[in-house]
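Below is one structure. I have some questions about it.
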Amino acid sequence: MEQIAFFVGAIGALGAAFAVVIVKNPFYSVLALVIHLVFLAGIFLLLMAQFLAAALIVVYAGAVMVLYVFVAAYVGGIEEPKWDSSPELRIVGPILAVALFIAISIAVLGSGLSALGTPGPDDVPSGFGTPEAVGHLMMEDFLIAFEAASLLLLIAAVAAIVLAGRRREDRKKLPGGEGA
Amino acid sequence: MDIEWYLVLSALLFATGFIGVMVRRNPVVILLCLELMLSAGALALLAFSRMLGNQDGQVFVLIVLVVAACEVVVGLGLVVAMYRRRLPLDVDEIKELKG
Amino acid sequence: MTFDAPTIDYAGLSPIIALTAGLVVIVLAAVFDRVKRFGPGLALLTYAVTAGCLIWQWNADLDLVSGALRIDGLAVTLSLLAVIAAAVSVLLAIGDPSETQAGRSDWLALLTGSLLGMVILAQATSMLTFFVGLELLSIPLYALCGTNLRRRESLESGLKYLIVGSVGSATLLYGLAMIYGASGATGFQAIADGLQAGDGMLSDSLTLVGVGLVAVGLAFKVSIAPFHQWTPDVYQGAPTPVTAFMAVATKAAAFAVFIRFFLVALGPLADQWDVMLAALAALSIVVGNVGALAQTSLKRMLGYSGIAQAGYMLAGIVTATQAGVDALVFYLSAYVAMNVAAFAVVVIRERQTGFSDDISTLRGLGREKPLLAWPLTIAMLALAGLPPTAGFIGKLYLIEALIDDDWTWLAVMIAIGTMISLGYYLRVVAALWMSPAGEAEGDAAIDTASLPPQIAGAQADPFEDPGADRRWYLVAPALIAMAAALFFGVIPQPLVDFAQHAGDALSVWVP
Amino acid sequence: MTATWAWLVLLFPLLGSLTIGFGFKVLPARVAGLIGISAIVAAFICGILALIGLQGEPSESRHVASSLWEYANVGGLRIDLGIYVDPLSIFMVLVVTGVSSLIHIYSYSYMKSDQGYHRFFSYLNFFVFSMLVLVLGGNFIMLIVGWALVGFASYALISYWYRRNTATKAGMKAFVINVVGDIGLYIAAILIFKNLGSVDYGTVFEKAPEVFTTNEWEIVAICLCLLVGAFAKSAQMPFHTWLADAMEGPTPVSSLIHAATMVTAGVYLIARCHSLFELAPTAADVAAWVGLATLMIAGTIAIAVTDLKRIIAYSTMSQIGYMFVGVGIGAYSAGMFHLMTHAFFKALLFMAAGSIISAMANMQDIDKMKGFRKAMPFTAAMLIIGALALSGFPGTSGWFSKDEIIDFAHFRGGMYDWMWAGMLIGAFMTAVYSFRIIFRILPGPACKEAEYLEEHGHVIHGEPKNPATGELEDTEVGYPGEEHHIAEQAGGMKFAMSVLGILALIGGLVQVPGVDEVITNFLEPTFEDSVFAHMHPSTHEAWVGLGEGALISILGITFTWFLYIRRPDLPVKFRERFRAVHALCVNKWYGDEIIDFLIVSPVKAFGRFCNRVFERFAIDGATAGVAGLTRSAGAAVRDMQSGMLRGYAVLMLFGILAIAIYFLIRSI
């Protein structure tokens, strides 16, 4: 049963990932990523990360992707031209990436770490992966990282205002200013 | 399911994301591919977390999600700013800085 | 489950607290137009308090908040360097178009956020704080690069930096994940223990490839070849105060965590990674120096030179000894002084000439405005490692540390790199002093034919400030940095002590 | 006490330089000149006092190391801001400060009309300071510091007339070649520290014999690196090309830096490190052979070129070649002796040449000069004295010093006999080119400048032209002034030249074989650990050698007389007949072209390679094979430009992959 779930999730996530890369229209790429994230959340569940699976769906597929959709819609779903100034990148890039995949796989499969060949211990602490357990860790051991992450969100908001916000002088001086 | 499988999957996702960065020209799509790479890292972390029975990795993944969201916000902000400047949204066209 | 609040040593955490509080105040100030004007003052006050807290904690040596952070000599010294760089950038940015366009306090908030990331990074002793600190450092910087919204190059540099930097972050994350898997821990000390306790984990493929990926991620941040390509582009395109900040502070913070992660967490496998880092260092020295030779943009040249300098500094980590760390920190401190002096002059010159950083605009500056020419001259000579400047002692220090640890070939690489570098540093000095202003043709030092054509579509910036060389907040950093570069070249001992304070903090882990 | 005097030797020029440099708005020009002169004279006096103090010590303890403060203590490397006073360094101090004093006095008059008077004296004092750091420094780091500062000062002074393109270019060239030498020195210091754990002279020379066996590869490598530094600074092959170009600087600069002091630093270096070179006889032989090659090649060039200052410059190279042979084969005191006498007569020659060039309104071509004997009797006399000493005419200083080196080579025999022969040929050429100057300039019908001078009593002030290119120049700051000064009219110049003239004539008497051996005895404490310390030709052999030298010198002078006075048509015929040989000599044996071909072009190409190909091609170079398969390679290479993000990503991935594979291999 678990195997089936994994393969369904893996094929779905991977297929969607490929779709993100391949699809010409950025709009569909965004949608493909949403699908990818949904499948990924499934795999998270298999790894006993219930809270993160939920967070992935809610925060990511829900909120962040909306932002993507919005921006993609705002700038227009420009399809990439067929013409490529450097077509060899299209070939060499993937070859190198495959090589990287092989290298990482060798590193993982060739590792002497015996636990890698198991599905993981059964005697995990109770509540493994639940919001409560993760929350405890977050507030106890990783308080600083958590706080820093929240500050990061604040900073990102400021950055977005700086970059995308429009100010009065813009409207006066810039050719693109009449719209807002 | 053995942990190795999850890791191989994550390596595949990582490579896929990297391919996207190398072949796509639309910055919005490149940002999506960066998401793929980060989520590959997150998957690896969760797999190890499961293998070790240690939830540190799960907290780490949460942080990674936050970071990814922030990167997206700034990246999209830049895309919007460029669009407003009427700059081409094509990384092959933005190469004034070179040499 | 009961909630066990972590014990927090507020004294040790005070630099971060001060900076966070300042950040919040600066963000809030954006709302009130009246307070807005005082943005730079607020920022400087914040940095001063932070620096005060850092100095207060000078002799601290303790783990904070469940081992997420550690405040010790290394953290304090390198945080101080970052704070100084940030303060200089605030001064240099006053009146800069990037700052006005971004909204002054927003701009300052981004800078302060980045600085906060650096201070966290310098103290990080856990993978999580390491990663989040690095991102907190980088993400505001991506935005800062793009803040000169009217200039195409600025936006271009922001986007390039973001994409390349994120690839680096993702690689780093993957490496961290692998090390987490191999060692079963996230704290630096625990990683070292876990790797040593594991059966054959010190030479396991999982561990080693993880180490490689982490090294790549960090190499991105400190611009080590072959992960350097963003550096010249971004340095050139970003608003100059941001470039100055990026060049100096990022290196300080990223090297702090580079040192800590490699010497503490990965210390047990030092003989696995030293050759790789040495190769990267050598490659950077070659690429940086050779790349800089043909540049006509001063900022771009400084970018390439930064790659070479990063190569020199990386050599300090290769040794995996305290002496190497001392040398690195010394060099880094000297590097701060030299670059601040150079960038301050570039900022002033840019404002006077309507944003051109071409080396040819420096012609004849020596006779017209010696107060500008001297800092740049000294900065160039110091970067080139000529005595009696701090750059000379720094190179000597590095070479000594390398020889002591039997890395003679790398020491020789540094010497050769230094030789190549004279070619482009002296070109600037020659432009400053030898050629009369306004006489473009037939100049020996600069080939005008090779200047790049005007960038198409770039609108001329209306901003011009011919009196920029009389603004104290622009000139003072240049002069002070020049004085420091000279002073510590003649009397290096205080700076040596400063650097050794950083090295001593690692005495438990490295010989 | 000795050490204190030695410190004062350093202090005065530094103070002088700073005072003039920073006070240029306040100080009147003359005062600046006087400050400059008095600083150097004070240094000279302190040098003499240090000498007296040193001689008061018993001979075995005649070396004083003194440290002002610890300059840096980094890790295991302790560097003191220290000096090392022993007979060798004091000897150098006296030569440097002595000749510099005279040249300062000369410049006081010579540069009178130059608008950069302050700048000139500030630079000049700074140069003397740097040179003194070089010779007094107590460890290899101080040596490097001095070495670099001297290079920098020389660069500044060569391009002193910075409005002249040729001058700035020459300065650059000198600097770059000097830096190559600095790198050699750096590497040598690195290796010395690595093997001996110290950079202090005392410790290094003491420990070296314990650590190294003779001709071990490491000590040979160290010595060869030192030699790279020495060759570059002393303009020996293959680093000789900068010196002739350096003549773009004002004449006093040529006289001080490029004849008397800086260029002899290499000789000093070898003498200072003689204990190392004796452990590496191979390297010492390299020094000697290179010296021999330089002295012969530079000699031939000096015979062919027509630019007055360049003739003297090539002659300098050639004479330094003698010194290199001297210190290379173990004739240390002879080498130093020649260094001293050479400083006298070469400085004198330059001064006289400066005077003549002034009279010629900055023209330097000897083809255009004629008949100055009557117009400038004093200068003519000095020029003849200088030429006599240079060609080793019996009784002059050059005769004693040069022939002592030549003798020693013969004395060592074996392959050194070849050097002996080569040096004799060189001596003949020396006589030819030095008297070529005399016979071309002094006798005969006066040229128009000389005539004008004779009739009106003052010199022609022609249009300001660049002597190298003939282009008109503007006359703002940064150019030689329009007025010129000649020794006949300026007391300072006359005084300096007279003193040097007397020294050039009789300076050799301090070291007459069998009579007195002042130099050898004085330097003995420094060289007593040398295996050659007590090896020297007998008095009889020495006098035989002097006899040969006298013969060659007189032969050479006669031959020149015959060529230029008796049968002046012969040189022209010769030139016609042996056009190729002449061209080779005039073009300085194509030294620049060879350097260009061998070094500059490859470096440039490498730079281009790295900048374009590596940045662009390592990306698509790796891709080229595949792209070729898809037949789009051509278009790809054309379209491919750096600045492309995707290209960057590919290179990154390449790097990541390389590192990952490296570690995968390691983990097996």
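In order of appearance the chains are A, B, C and D, and numbering begins at 1 in each one.
As a working rule, a contact is a pair of C-beta atoms (placed from the backbone, for glycine too) under 8 Å apart; a residue touches a chain by one contact, two chains touch by 3 or more.
Nothing here was measured: the structure is a model prediction, and the numbers come from that model.
Engineer: Looking at A-C and A-B, which pair shares more C-beta contacts?
Structural biologist: Between A-C and A-B, the larger count of C-beta pairs in contact belongs to A-B.
Engineer: Can you compute the centre-to-centre distance for subunit A and subunit C, using the mean CA position of each chain? Integer Å is fine.
Structural biologist: Measuring from centre to centre gives 29 Å for this pair.
Engineer: What is the distance in Å between the mean C-alpha positions of subunit A and subunit B?
Structural biologist: Computed value for the inter-centroid distance: 6 Å.
Engineer: State, to the nearest whole Å, the distance from the C-alpha centre of subunit B to the C-alpha centre of subunit C.
Structural biologist: Computed value for the inter-centroid distance: 25 Å.
Engineer: From the C-alpha centre of subunit A to that of subunit D, how far is it in Å?
Structural biologist: Going by mean C-alpha positions, subunit A sits 67 Å from subunit D.
Engineer: Which subunit A residues sit where two or more other chains touch them?
Structural biologist: Residue numbers touching two or more other chains: 85-86, 89, 93, 96-97, 100, 103-104, 106-108, 110, 116, 133, 141-142, 145, 149, 152, 155-156, 159, 162-163, 174.
Engineer: Going by the touch rule set out above, which residues of subunit C reach two or more other chains?
Structural biologist: 128, 131-132, 135, 139, 142-143, 146, 149-150, 158-160, 163, 167, 171, 174, 178, 181, 204-205, 208-209, 233, 294
Engineer: Which positions in subunit D touch two or more other chains at once?
Structural biologist: 611, 642-646, 649-650, 653-654, 656, 660, 663-664, 667
Engineer: If each chain is a node and each touching pair an edge, is that a line, ring, star, complete or other?
Structural biologist: complete
Engineer: Can you tell me which positions in subunit B touch subunit C when the two form their complex?
Structural biologist: 7, 14, 17-18, 21, 27, 30-31, 34, 37-38, 40-42, 44-45, 47-49, 51-52, 54, 56-57, 59-60, 63-64, 66-67, 70-71, 74-75, 77-79, 81-82, 85, 87, 91, 94-99
Engineer: Can you list the subunit C residues touching subunit D in their complex?
Structural biologist: The touching residues are 159-160, 163-164, 167-168, 171, 203-205, 207-209, 211-213, 215-216, 220, 226-227, 229-230, 233, 272, 276, 286-287, 290-291, 293-294, 323, 326-327, 330, 386-388, 392-393, 396-397, 399-401, 403-404, 408, 411-412, 415-416, 418-419, 422-423, 426, 430, 433-436, 442-445, 492-493, 496.
Engineer: Please name which positions on subunit D make contact with subunit A in the complex.
Structural biologist: 620, 622-624, 626-627, 630, 632-633, 635-636, 639-640, 644, 646-647, 649-650, 653-654, 656-657, 660-661, 663-664, 667
Engineer: Which of the residues in subunit C come into contact with subunit B in the complex?
Structural biologist: 127-128, 131-132, 135, 139, 142-143, 146, 149-150, 152-153, 155-160, 162-163, 166-167, 169-171, 173-174, 176-178, 180-181, 184-186, 232-234, 236-237, 294-295, 300, 452, 455, 458
Engineer: Under the stated contact criterion, what part of subunit C meets subunit A in this complex?
Structural biologist: Touching subunit A: residues 1, 3-6, 8, 20, 23, 27, 64-69, 101-103, 106-107, 109-110, 113, 116-117, 120, 126, 128-129, 131-133, 135-136, 139-140, 142-143, 146-147, 149-150, 158, 174, 178, 181-182, 198-201, 204-206, 208-210 of subunit C.
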